[in-house]
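Report on the structure given below.
For clarity, chains are labelled A, B, C and D in written order, and residue numbers in each chain start from 1.
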Amino acid sequence: MSEIATSDRSARALTTHPFDDDHLREECGVFGLFGTDDAAAHTVLGLHALQHRGQEAAGITSFDGSQFHTQKHGGQVADYFTDQAVLDRLPGAAAIGHVRYSTTGETAMRNVQPLFAELAHGGFAVAHNGNLTNAQTLRRSLVRAGAIFQSTSDTEVILHLLATSTFRTALDRFIDALRQVEGAYSLVALTQEALIGVRDPLGVRPLVLGEMEDGVQILCSETCALDILGATFIREIEPGEMVVIDRNGLTSLHPFDPAPARPCIFEHVYFSRPDSMLDGMSVYDVRKRIGAELARESGVEADLVIPVPDSGTPAAIGYAREADLPFELGIVRNHYVGRTFIEPSDKIRHLGVKLKHNANHWSIKGKRVILVDDSIVRGTTSMKIVDMVRQAGAREVHMRIASPPTRHSCFYGVDTPERSKLLAARMDLDSMRDVIGADTLAFLSIAGLYRACYVDAGRNDAQPQFCDACFTGDYPTRLTDQEDVAGPLDLLAAAQS
Amino acid sequence: MSEIATSDRSARALTTHPFDDDHLREECGVFGLFGTDDAAAHTVLGLHALQHRGQEAAGITSFDGSQFHTQKHGGQVADYFTDQAVLDRLPGAAAIGHVRYSTTGETAMRNVQPLFAELAHGGFAVAHNGNLTNAQTLRRSLVRAGAIFQSTSDTEVILHLLATSTFRTALDRFIDALRQVEGAYSLVALTQEALIGVRDPLGVRPLVLGEMEDGVQILCSETCALDILGATFIREIEPGEMVVIDRNGLTSLHPFDPAPARPCIFEHVYFSRPDSMLDGMSVYDVRKRIGAELARESGVEADLVIPVPDSGTPAAIGYAREADLPFELGIVRNHYVGRTFIEPSDKIRHLGVKLKHNANHWSIKGKRVILVDDSIVRGTTSMKIVDMVRQAGAREVHMRIASPPTRHSCFYGVDTPERSKLLAARMDLDSMRDVIGADTLAFLSIAGLYRACYVDAGRNDAQPQFCDACFTGDYPTRLTDQEDVAGPLDLLAAAQS
Amino acid sequence: MSEIATSDRSARALTTHPFDDDHLREECGVFGLFGTDDAAAHTVLGLHALQHRGQEAAGITSFDGSQFHTQKHGGQVADYFTDQAVLDRLPGAAAIGHVRYSTTGETAMRNVQPLFAELAHGGFAVAHNGNLTNAQTLRRSLVRAGAIFQSTSDTEVILHLLATSTFRTALDRFIDALRQVEGAYSLVALTQEALIGVRDPLGVRPLVLGEMEDGVQILCSETCALDILGATFIREIEPGEMVVIDRNGLTSLHPFDPAPARPCIFEHVYFSRPDSMLDGMSVYDVRKRIGAELARESGVEADLVIPVPDSGTPAAIGYAREADLPFELGIVRNHYVGRTFIEPSDKIRHLGVKLKHNANHWSIKGKRVILVDDSIVRGTTSMKIVDMVRQAGAREVHMRIASPPTRHSCFYGVDTPERSKLLAARMDLDSMRDVIGADTLAFLSIAGLYRACYVDAGRNDAQPQFCDACFTGDYPTRLTDQEDVAGPLDLLAAAQS
Amino acid sequence: MSEIATSDRSARALTTHPFDDDHLREECGVFGLFGTDDAAAHTVLGLHALQHRGQEAAGITSFDGSQFHTQKHGGQVADYFTDQAVLDRLPGAAAIGHVRYSTTGETAMRNVQPLFAELAHGGFAVAHNGNLTNAQTLRRSLVRAGAIFQSTSDTEVILHLLATSTFRTALDRFIDALRQVEGAYSLVALTQEALIGVRDPLGVRPLVLGEMEDGVQILCSETCALDILGATFIREIEPGEMVVIDRNGLTSLHPFDPAPARPCIFEHVYFSRPDSMLDGMSVYDVRKRIGAELARESGVEADLVIPVPDSGTPAAIGYAREADLPFELGIVRNHYVGRTFIEPSDKIRHLGVKLKHNANHWSIKGKRVILVDDSIVRGTTSMKIVDMVRQAGAREVHMRIASPPTRHSCFYGVDTPERSKLLAARMDLDSMRDVIGADTLAFLSIAGLYRACYVDAGRNDAQPQFCDACFTGDYPTRLTDQEDVAGPLDLLAAAQS
């Protein structure tokens, strides 16, 4: 029984995913800063740099010393938040922001973050990257106690736990609330006094700290959001750490029981931007190392190495260098596809891939081609790409994937299709190769992936150094909401938000 | 400390009040029906007939047997809800709807009604005409107990009282909630089982019951919303009555202590449509009787009687007939003004009245004119109208007002300016006449108004038969929120919604 | 073979005619002024006052001393031209403007006026009220000579005749062009030196001259456009007169052979605003006289006189006064219908009249009612109104029409349905009464109409004092385009613009 | 004296050039096909593939056997033309289309192509890539003869020459018109009988012929527009050739005096897509050869080769391979910048480059970097890129440009800034290096560019094999409009369209 409110006529446009090229999809990016004029304008730039983490909607909440102000909009950051009139509605020296990619059909504005609550002791705004695994269970008991939810977002559970907490201060209430939730979260929150950042005890999703020349401190999902502002990267927020940034500077708390870190390894494979620094490593460098591992593990005689643009490019460079083969731009991407295919006809929809990519016939014809892509999810794009390259005259097509087979759903804030739609969960390697139509197909090994991430000893199966559940099914937290229900686990994954 | 969210770029357009011709303004109209296909389409028509009660925004919630669906939109009903694609998003055999005029700058969609809550035992939607006089007080204690409000609307207080009620059934919880509120309310609510209508114990705002040929029952603010559907007027909902309409038909409850009725007398003067039946009287007929009373009380020698269009017309007809003078259309109204003056320049804004009205020179020149208007609020329009009629060549201008002087704020769901801006609260009759520039000025007496409403014995000052607080300052309920604060009462009126 | 260009997505919205209540429809209104700052802002107000002459689109061309600037927009004047940013794009001390109602499906912006041409000796903009009856014939020969038309408007023929004229000055070329056209035109034109106004030799469509306090001169279709600016009515432009207004003042020319005037009599019946002065008469006064004539010609015993709002009101006042019966507002019009019924579903479209009108049951029930309307075109609205009044309980319904039966198409700038759809062209009075469902039906006589227009001697059939072709079929000019084709004359009328 | 009409409120948005990264800009791309159902849908795809040749506006004209239909829209192809409702308004088996980048402020729809004229013997639509150098001169004499221009486009001159030609058939008239014009043109035209393609005698702008499996023939600017449809590249249209495609197949005419070809060499440097085949060469291959030439001509000791994305990438690959240095993605481009920076504040505008690019600190720090870009126009982007790379920690920055210095305006359909703003026209190499802030700066030589284009013998200065006027000032045609005026030539270039 739920209310579906869409007052915006253009809502349908939001549901087309422009770069829907068969990838797992990070659901969110967060940004916050404290203590500068034009906090909102800075937040706009930070969110723009994090746009790859969510293109469906964006929101910013600022605090001007007496009032909180919120602006939300469907679409990309630059669509709306670059208008001076919008910025004028976001005054204040502190702000947090959020970009969002939604897994469900609910594109209602009320689900767009930051979420805000007027609590007894003042306002509280929060933006969330991640996903709680016991949100439905907590929500049911909160509703029984009289809570009225305004969204279907799991994040709102945190707000209600905070509102009904018996602790006195906002900070204690926030900690009390977080101790009740399970799952993955990197949060930025804004109160009347402070900017707060917190990362779950396992540190599944990233959150970093930076500083501008004038000492203003920034929290954000990736270091590339510091670069756009000319800010300096200070350090990552530690798993389980809460930082409180206010007039007196930064205070670090560790309110949770200590636990071995499990950062998401897929951030290195695909989610993070190549110019970001993550877990102490350059993302671009790790991706080239992945390519080199792949060349060592699954080398094949060929004439050219071609990346599937744009995400396969660093791995392809690494592969080509290791294999001493020419790196060539054999597939050209049309950057004008944008968010623009509103209500396409079936006929045009069917032409999907061709709208985005074209094989560069003249460099492919008669050649033995190695195609490097970052991952395979449903396999739909791979099929089309291989077919396109063959039609362009390639003599052989060898597909190399810069990650292990993706076989399991993610419950930590990543949009995964139902398990039954994951190609690698449905069939073995040979069948996949046949479906895709390649001459040979190879994935990177788990060990190779860990090596590329500078874990030379490989995965510690007793206590893995990363969350790699999408490859291994080894989930680092309880999945309470999944246990509550009788049906098969993966079928329910689609219902998560 | 409040959050102001306006994600809609066109929000500013909503704040221009097209027919802003110096009238008090009814804030809302409500409509609901149960048990017909296309409940939403019927609701659209009903709200269209109630459009005069609120042009700023409209909303509809339907229930399709398993889910509630809500659509809200700024602007008029016909702007959005006549699109079949919108209706398709409102399936179901039961629906409620609301048109709204807001007194404050907050045009956020989240304040647009119906409001909805997913409660432990199912969804609950409500639409409200009226205003609670202890909403702020209740809200503060609810927030202290952990409630998170999603709007600044007083109506949401009812939802939270309902959610936290310890009674078991939705109906008992609703009654429990209403017993805690003070003020004026005519509500329509929708649950999974029933359409509910309720009117406060004094019956300040109207609510009527109608029936379609096929037995489908309708609740709405005025009978004109029955006419548009070809439905029959059955009766008014009684003050303090709650009706529950479900598969088993209509059940009438009287859950409150009985009290003498105090329906709003200004509905007869201006708010209701002339083709509505209210308190057992034809609104059009009462307005003509008002004109006749006015002619008897304040007759003057003249050549013509001219209505200030369109609201002064019935009283002008009554006046002209009683005075045996020609009724003439001496002022022509331009109906194309619409909701369209988006961001007018100061220059054009300054031409305000001329955009809407023009004096018909050829019938006015050299004549002694009696102008009949329904009321004077700030006096701004009256000044311009008198000036326009004089410039058109009138020899004498006698202004006759079809109501007593408006001297007090309304706290029951009507948009009143601060008391200090009410012309009749600031000065005596002679000063008003001078400010307006008329040769003579007369208002209807309280006794005359009661006589026109068929109360021949006149007002019972010990127990008035109507709420006439805007004329007399005699408020029929406690004004708890006003008492809570130290400042002068009327200054706070502007903060009410 | 024609090009249909609609680049505007909202184009379809333009094709709904909001007040499509079965009236003939004036196609255009024109306005121009010379010699004041903010000429465009003045023009906006003038066009707003002429909005009843065309709601489909509006356009303004200004001249700033070196450049011409044009802005056009679908919809009403106030929708677009009240935005200061739009006015800023229309600088200059001279401007002309146009409001338009289109008879055809072509709502392309290129058909919206003013039309502009860059000629060898400078720019020339023109706005046209009327219709040429030899436009197609002229157009064919111009195209054969190499002219490229940019619109389907007959007005563009004038521009091409001007461009290819062998005369030297713009004025001589304009006169040369006009001598070649037949039909009805009231034009305002703008050159680099002057504002020009011209009325066809028969003066079919109106055009008046006014003056502001500072001596600035104005040309416009009706005097109500002078009132909105506080300007004084000077005189009507004479049939066949051309006035040239420039830095040296006004020059009057009479470049055509003199002919007896034939102004459109339907302007008095319906087109013009009641507060306008036309052909030396007050439109409101003539309409009351029409009502009185009607009462004398076709009186009937009854209890009430009710106008079909709003156009039937003055005649109903005149009728009621002559018949000594009460004038009552028995039908209430919903002013919120606006331009807003975008893509209505068939279901809602079918409810058409009810959306706009409601019978005031309480004053009609059991009464013998006289309904007064201005005209009957297709009869569709009349049927619904009579039915609505009967359902509201009227004992008898007597329909009185304030004009003779409309039996013929207009070729002079009025939107008439095909002749086969005109009720009065299809059947006799008794059949019409039966179709409409009234107890009695009467139209005003031609003689009565002329008497109401102060022609006591009645119509001079040899040389009629007005153009009354829609009633009589007596067309005052050649209909060259009609003669050129073999088909029946009226079927072709629909193809005219 | 010209009319500036912008009726579209969103017009301003069109004037922001999203990828305004200091490049010369091709003004147009054309596409046409004949003889297939859904000709318009095919044209949409073709134009989408040509989007890089013009993002400001797009238009399509189709012919359905009896009528021509045109749709035009500001913005990118996918914004509007992927809507089925739009395609439904473009029925027919033949269509032509156009994408446009405008050099002037005039973004009016009437300038968007295809242009259409209803001529005496039928409709004629035309789309133009290129620019006429005697358009103003011809226009003046056409206007003197009575022609009315509806646009400021030079293309319309062709239509008027055609309309006023004394030849009998459309084809003869078209040839007659083209014999009078000078300059560069690749045209596709549509008549009631045929699709016509024509290339100016020097073949300055490209135009190719392709064929679909079912024999349907296509004309388009580049071969990449064939690929998107799965069509086969047949051949280039020859300089001076006119092809007529109708029911009887293709007819080739050569109506002009033969002349040595002078195709634009800048198409190879930057305009054409890397996956296109042009002048018998793969664009991608030529660009890699350019990089290799550059490495040979201007090698320097360094650690890395980094492309300025995306246009510098093929040359950087060629450079790195020739120099045996690592090719690295040292600059990451943010693809979400889109067309979306509507009315940015000055503050945000000032951050321009950072919004689009970020240096990949982790791969640059402490390194000697070779940056490869395709060209330098104003130098503004180069300055910012070098500064960004230095701030990211590069030890040395060596800028290598994959073309000779751009010193002269183009009059053949390319948007060039005034000559005074071209960096290479203002200063020598050392000064440029200082302004840009690089350690060393080198351009490719003219000889190197010709060698890369497989002209091993180098440029024939007596009869150059390409149009390279932007580098050499050696214009292959008369510049009649320039000669007509007294002022300096380059200042006038900006006024060309």
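General remarks:
The rule is simple: a contact is a pair of C-beta atoms (placed from the backbone, for glycine too) under 8 Å apart; a residue touches a chain by one contact, two chains touch by 3 or more.
As the structure is a computational prediction, the values presented were derived from the model and not from experiment.
Listed here as common contacts of chain B and chain C: no chain. Set side by side, the interfaces A-D and C-D show unequal numbers of C-beta pairs in contact, with more at A-D. Spacing of chain B relative to chain D, judged by their CA centroids, is 61 angstrom.
For the pair chain C and chain D, the distance between C-alpha centroids works out to 49 Å.
Averaging C-alpha coordinates per chain places the centre of chain A 37 Å away from that of chain D. The residues of chain C never reach two or more other chains; the list is empty. Residues 38, 41, 44-45, 48-49, 51-52, 55, 76-79, 82-84, 87, 224, 227-228, 230, 273-275, 277, 282, 284-285, 310, 313-314, 317, 321, 326-329, 332, 334-345, 347-348, 351, 354-355, 358-363, 391 of chain A touch chain D in their complex. Of all residues in chain D, only 1-9, 61, 66-73, 80, 89, 109-110, 112, 116-120, 122-123, 125, 143-150, 159-160, 163-165, 192 touch chain C in the complex they form.
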